[in-house]
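What follows is a pair of complexes built around chain A, which joins chain B in one and chain C in the other.
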Partner chain A sequence: MSSTVPATTSYWKRNQQRLAPWLFLAPGMIMFSIYVIIPIFESIWISFYDWDGLGAKTWIGVANYVELLDDEAFYTSLKNNILWLVLYLLAVPAGLAVALFLNQTVTGIRLYKSLFFFPFVISQVVVGLIFTWFYAPDFGLLSALIKTVTGESIAILADERYVTLGIIAAGLWPQIAYCMILYLTGLNNINPEQVEAARMDGAKGWSLLWNIVLPQLGPATFIAIVVTVIGALRSFDLVSIMTDGGPYGSSRVLSFYMYEQALSEYGYRMGYGAAIAVVLFMIMMVFITMFIVRMLMQERNA
Partner chain B sequence: MNSFKAALALGYALTVSTAFAGELVVNSDQTDPAPKKAMETLIEGFKAAHPDVTVKWNNFDHEGYKSAIRNFLTADAPDVVSWYSGNRMAPFVKAGLFEDVTDLWTENKLDDQLKSAVKSMEIDGKKWGIPYSYYQWGIYYRKDIFAEQGITPPKTWAELIAACEKIKAAGMTPFAIGTKALWPTGGWFDYLDLRVNGYEFHMDLTAGKVPYTDPKVKAVFEKWGELVKPGYFIENHAAIDWQDAIPQFVQGKAPMYLMGNFAVAAMVDGGLKEDQIGFLQFPEITAGIPMAEDAPTESFHIPSGAKNKEDARKFLAYLATPEAQTKMNEVLGQLPVNNQSAKSNDPFLKAGFEMLANAYALAQFYDRDAPAEMAKAGMEGFQQFMVKPDSVDAILARLEKARGRIYK
Partner chain C sequence: MFPTPVQKASPWVRHAYTIILPVALIVWLLPLIGVAITSIRPSGDLAAGNYFGIPSRFAGIENYTAVFRDSPIGWYILNSFKVTIPTVIGAVGLACLSGFALAVYKFRANLILFFLFVAGNFIPFQILMVPVRDMTLKAGLYDSISGLVLFHIAFQTGFCTLFMRNFIKSLPFALIESARVEGVSEWRIFRYIVLPLMRPAIAALSVLVFTFIWNDYFWATVLVQGQHAMPVTAGLYSLNGQWIAAWHLVSAGSIVAAMPPVLMFFLMQKHFIAGLTLGATKG
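Moving on to the complex of A and B:
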């Protein structure tokens, strides 16, 4: 009878439908856990140790976190991270403005679009170097300009009052381009009938933008905010290239401080670095949770 | 029985042959033109002396090397590595990653020949590497500008201040410096501390035995303030690297520069003739304190995980010889550590050699004498002081807090 079929095949046959998706997911899931999930828990684990990365680990409990609470440099980094977060979001409206400006049909518009998009294509390292020269005292374009206008020269990257603002300005340049591209694609998908109908009803200018165009750009805005927030929180390369955290540590952000403590020339405090990373992760989690909740809600409504 | 003996003999022959015709793996970070050429000279010389050893040299990028060494020492150790002496090698020594080479020193009587570097190669009474080169620090000044302004090279602090006043009055800034990378501030702190409080105090401080809130440390910053507050350092130094300050020196906008001897090459590249550049020892501050100097030493070490330690020892022994050090330092433009090496004709090296030969003691440099973490915190404080000299108390309190944590 049919019961002569070996058990193994019958198990596969019976559960094929259920197992197949997992098998297809397996490579991705294994990679994701090796490179993302497991390291997250490992970092949290290391943050409870005193470890130089070479010798023996010593369990010190929450001592790293206690030290963080009393660490000036940590608060400087945190403050700068918040500054980054707030100011970096300017990239979203600025990107929208550029996109609206470029969303027209004139000769050579493709060229203009690509010129505006250019800063996003070049590497962050190059952006950092360009702005370092731009700000450089003596020969930099901006400091020369400031000198002719005010008669005083300001070395933006050497002044603790301006240094973070200067780096954020450099970061905004490619980020605006990124948001612009997101909005340009969004604008392509705008329903022309709705716009026409609105025009017939007498809407124009701001009210047209606010009531008709922007609601349709919702998904683009969402993505733009997500990438900008994440970009602001993981800002590292520009700080590293332009100031190396200086002058005297006043332009540090959390990710850079973590690198400095754990991996740089004078660092090697793996536990302390990991503790900083955990704090940064918690901050990111707040935003990530917000985004995920919003996305789930939208899916449910759709 | 016979076959067993044969197998033994074969085994013996195999081990011996690998030991003799071994491959020696050397890792180092000499990518700049002069150090690279010096390294090639060294390897060629070694090959000539030991033709049975093949040398495989992995040359790393300077910055990348600092993190790479931590990986390869633990994972796949080469036979010889370049690193720094003093406290910079302490983590590797403490973690058991460097080989004790005291035997090489005793066998080859190096305690006499490499005398000036004995202290910096020693941890726990053992030697952990072979030094081959060092260079002096001091004030490089524009001879032509000094002559123009009628300034004689200052020998005391009062003379230095007077010279600064004169230079400032003539519309120049006395000192060039670029502190973006932090370490140039370490040279200033070292010299001020060595001259105000002396070598022993400086060593105690960098070893964490003295609090940074000590009035003697405060006194160092008071002297420093006498240069910072009147604006005797170029503006915006926190935004530039040491090379970026060279043009100011070359253009005569800042006619003095406290630097290591390697700066001369950059000054000459910038268009100065050698007779326009003068070298002077950092002036005396507290009268009667013997003059100690900064002279960072470069060295090679054997990782404890090395596979070919026998040839590695041969390599280090060769590196210690006066001939090898003479040849190498000729190319490097630095001073050989071995005191039996031939002397150079370069005027700056001559001056440096004279100064260091008569020095009371040699410090390695702030970021090598102090542990890395303390060095970072310290030099950041120095930079802050050079921008905001009034916050000295806050800076010293912060450094003291760091000291309490780092040297438990």
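Moving on to the complex of A and C:
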């Protein structure tokens, strides 16, 4: 690994350390700018136009946003997104509970852990189909169970009262698995001496978990919350697969409604779709900013 | 260790645990088990109302043969591989370079660029949808494998760079420092000192990106229309529309579509979990 430094130092030799990072960054940065950074601004721009995706664009200012304010379907989607966000966060404590349950060293526990994690590996399309079958009236397993217990048959995905809850439950299945694996890794790395010392002092059960264990699981909790919030706001696949937004649009979420407006049989309203996307983006930015501020503080401390 | 190991608990708790554990697993995987059983049920069972009982006979071979013979699912799976493998290579390759740059060099824009990659990775897909679709159309790449691959590479670069940068940061910096003192060029430092040490990170990221891309559904519907470039996620959904109420076929198709990432997970489990939980222990 030895090399000799030539006597004459070229421009490159002198500036290598200053130029190298940009050369290393260039390919990734170019791709990322073309496909991610620039399109964000383009979308914001398009949201001020009336555009069918093919013909000429017509500048209409904030008319798309004004229309949103009066759009019943937009409020339904927004309300469902909030519901998703709140209920999806249940995956964090539920994942912790499963992780605590599995954090043992009995024979075969490794296999158990992998099998519990299983739902996360499967595509959401497959999860959606599985749960559609699970919920199907008459021959779905869950509907059959509900019928035996209550004597009533409920078509979960056809009922405006339950449809979003049913889809969220399907989404929780893989999400709990994800949070579980984060917590299992976290539990693996907690300081056993602190736990033992606290036990000596008589701490156990809830107080041990709350005062000693959970603080040490902070990083795992942070990531679990991040991925769950992002997952909730990104929810699209399950809605599209399980109900296609129905019945009567009652299970729409913003991401799905945007797609429907911009690209479905209902017409190609790119500008209006972009406006919905911008609203979703703004909501997401609130969370992204929070995450980045926290990460920045950690970078400073490091 | 928390909670208290069951070995230290009373025999009663120990026995209860060994019973509850498999029961909990069965309940947890109930939807999946149901689908697996349905996929080996003869269609006659469904017509006769035997949805939950033991299948009257094993029809797995005929159901799975029917799925492959009567539908283009084999083609869809091939497409998924054609999209997934180049994306993994491209995104992980680009991220090795950019992660190295952000981890090793100190320059003013470093943190800003890093957080740009991080933030980009969290945004909703819908904010990209209209421009990316339009750009892909104009480039003549709409409804093609390469159109999908290019987008996936670019988008995954965000997450992969975040991952690689943090991984390289955890390597001993003295190694790079001493090579510099000896006058080793920056490229050779990357190629011969850092890259060999990145092998576990490359493995972990590859498995993760493989799963993410294989399971992508949104972009498959936005950038692809026809059968010839359609990956298996979107393909399965369109088949679902054709197989109305033929749940034994839908189930078999679902299992087939889920298989590659599942196999990947079980074969590369250590790497998969290491990748997914990076940062769950520190930072």
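Definition applied: the second predicted complex is superposed on the first by the 286 of 302 C-alpha atoms of A that agree within 3 Å, B and C clash if a C-alpha of one lies under 4 Å from a C-alpha of the other, contacts with A are read in each partner's own complex, and residues count from 1 in each chain.
Keep in mind that, in the parts below, contacts are C-beta pairs under 8 Å (C-beta built on N, C-alpha and C of every residue); 3 or more make two chains touch, one makes a residue touch a chain.
The shown structure was predicted, so the numbers you read here are calculated from the model rather than taken from an experiment.
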Q) So, does A:72 touch the first partner chain B, the second partner chain C, both, or neither? A) first
Q) Of the two partner chains, chain B (first) and chain C (second), which one does A:53 touch, if any: first, second, both, or neither? A) both
Q. After superposition on the shared chain, which partner residues are touched by A:290: those of chain B (first), chain C (second), both, or neither?
A. neither
Q | Residues of chain A touched, compared between chain B and chain C (which is higher) | A | C
Q. What is the contact status of A:62 with respect to chain B (first) and chain C (second): first, second, both, or neither?
A. neither
(Q) Taking the superposition on A as described, I'd like to know which of chain B and chain C A:105 touches: first, second, both or neither. (A) second
Q: Based on the superposed arrangement, let me know which partner A:263 touches: chain B (first), chain C (second), both, or neither?
A: both
Q: Considering only touches as defined above, state whether A:243 meets chain B (first), chain C (second), both or neither.
A: first
Q: Using the superposition on A, tell me which residues of chain A are in contact with chain B and, in the other complex, with chain C.
A: 53, 263
Q) Contact residues on chain B for chain A in the complex? A) 63, 66-67, 70, 73-74, 91-92, 94-95, 97, 179-182, 235-240, 367, 372-373, 375-376, 380-381, 383-384, 387, 398, 405
Q: State the interface residues of chain A toward chain B in the complex, per the touch definition above.
A: 52-55, 67, 72, 135-138, 153, 155-158, 160, 243-244, 246-249, 260, 263, 265-269
**Q.** In the complex with chain C, residue positions of chain A that touch it
**A.** 1-5, 16-18, 20-22, 24-25, 27-29, 31-32, 34-40, 42-43, 46, 53, 100-101, 103-106, 112, 114-119, 121-126, 129-131, 133-134, 139, 141, 144, 173, 178, 181-183, 185-190, 192, 195, 208-209, 212-213, 219-220, 223-224, 226, 230, 233-234, 236-237, 240-241, 254-255, 258-259, 262-263, 270, 273-274, 276-278, 280-281, 284, 287-288, 291-292, 295-296, 298-299, 302
Q) Contact residues on chain C for chain A in the complex? A) 1-3, 5-7, 17-18, 21, 24-25, 28-32, 34-35, 38, 46, 49, 51-52, 94-95, 97-98, 100-102, 104-105, 107, 110-111, 113, 115-120, 122-135, 150-151, 153-155, 157-158, 161, 179-180, 182-188, 190, 192-193, 211, 214-215, 217-218, 221-222, 233-234, 236-237, 240, 247, 250-251, 254, 257-258, 261-262, 264-266, 269, 273, 276-277, 279-283
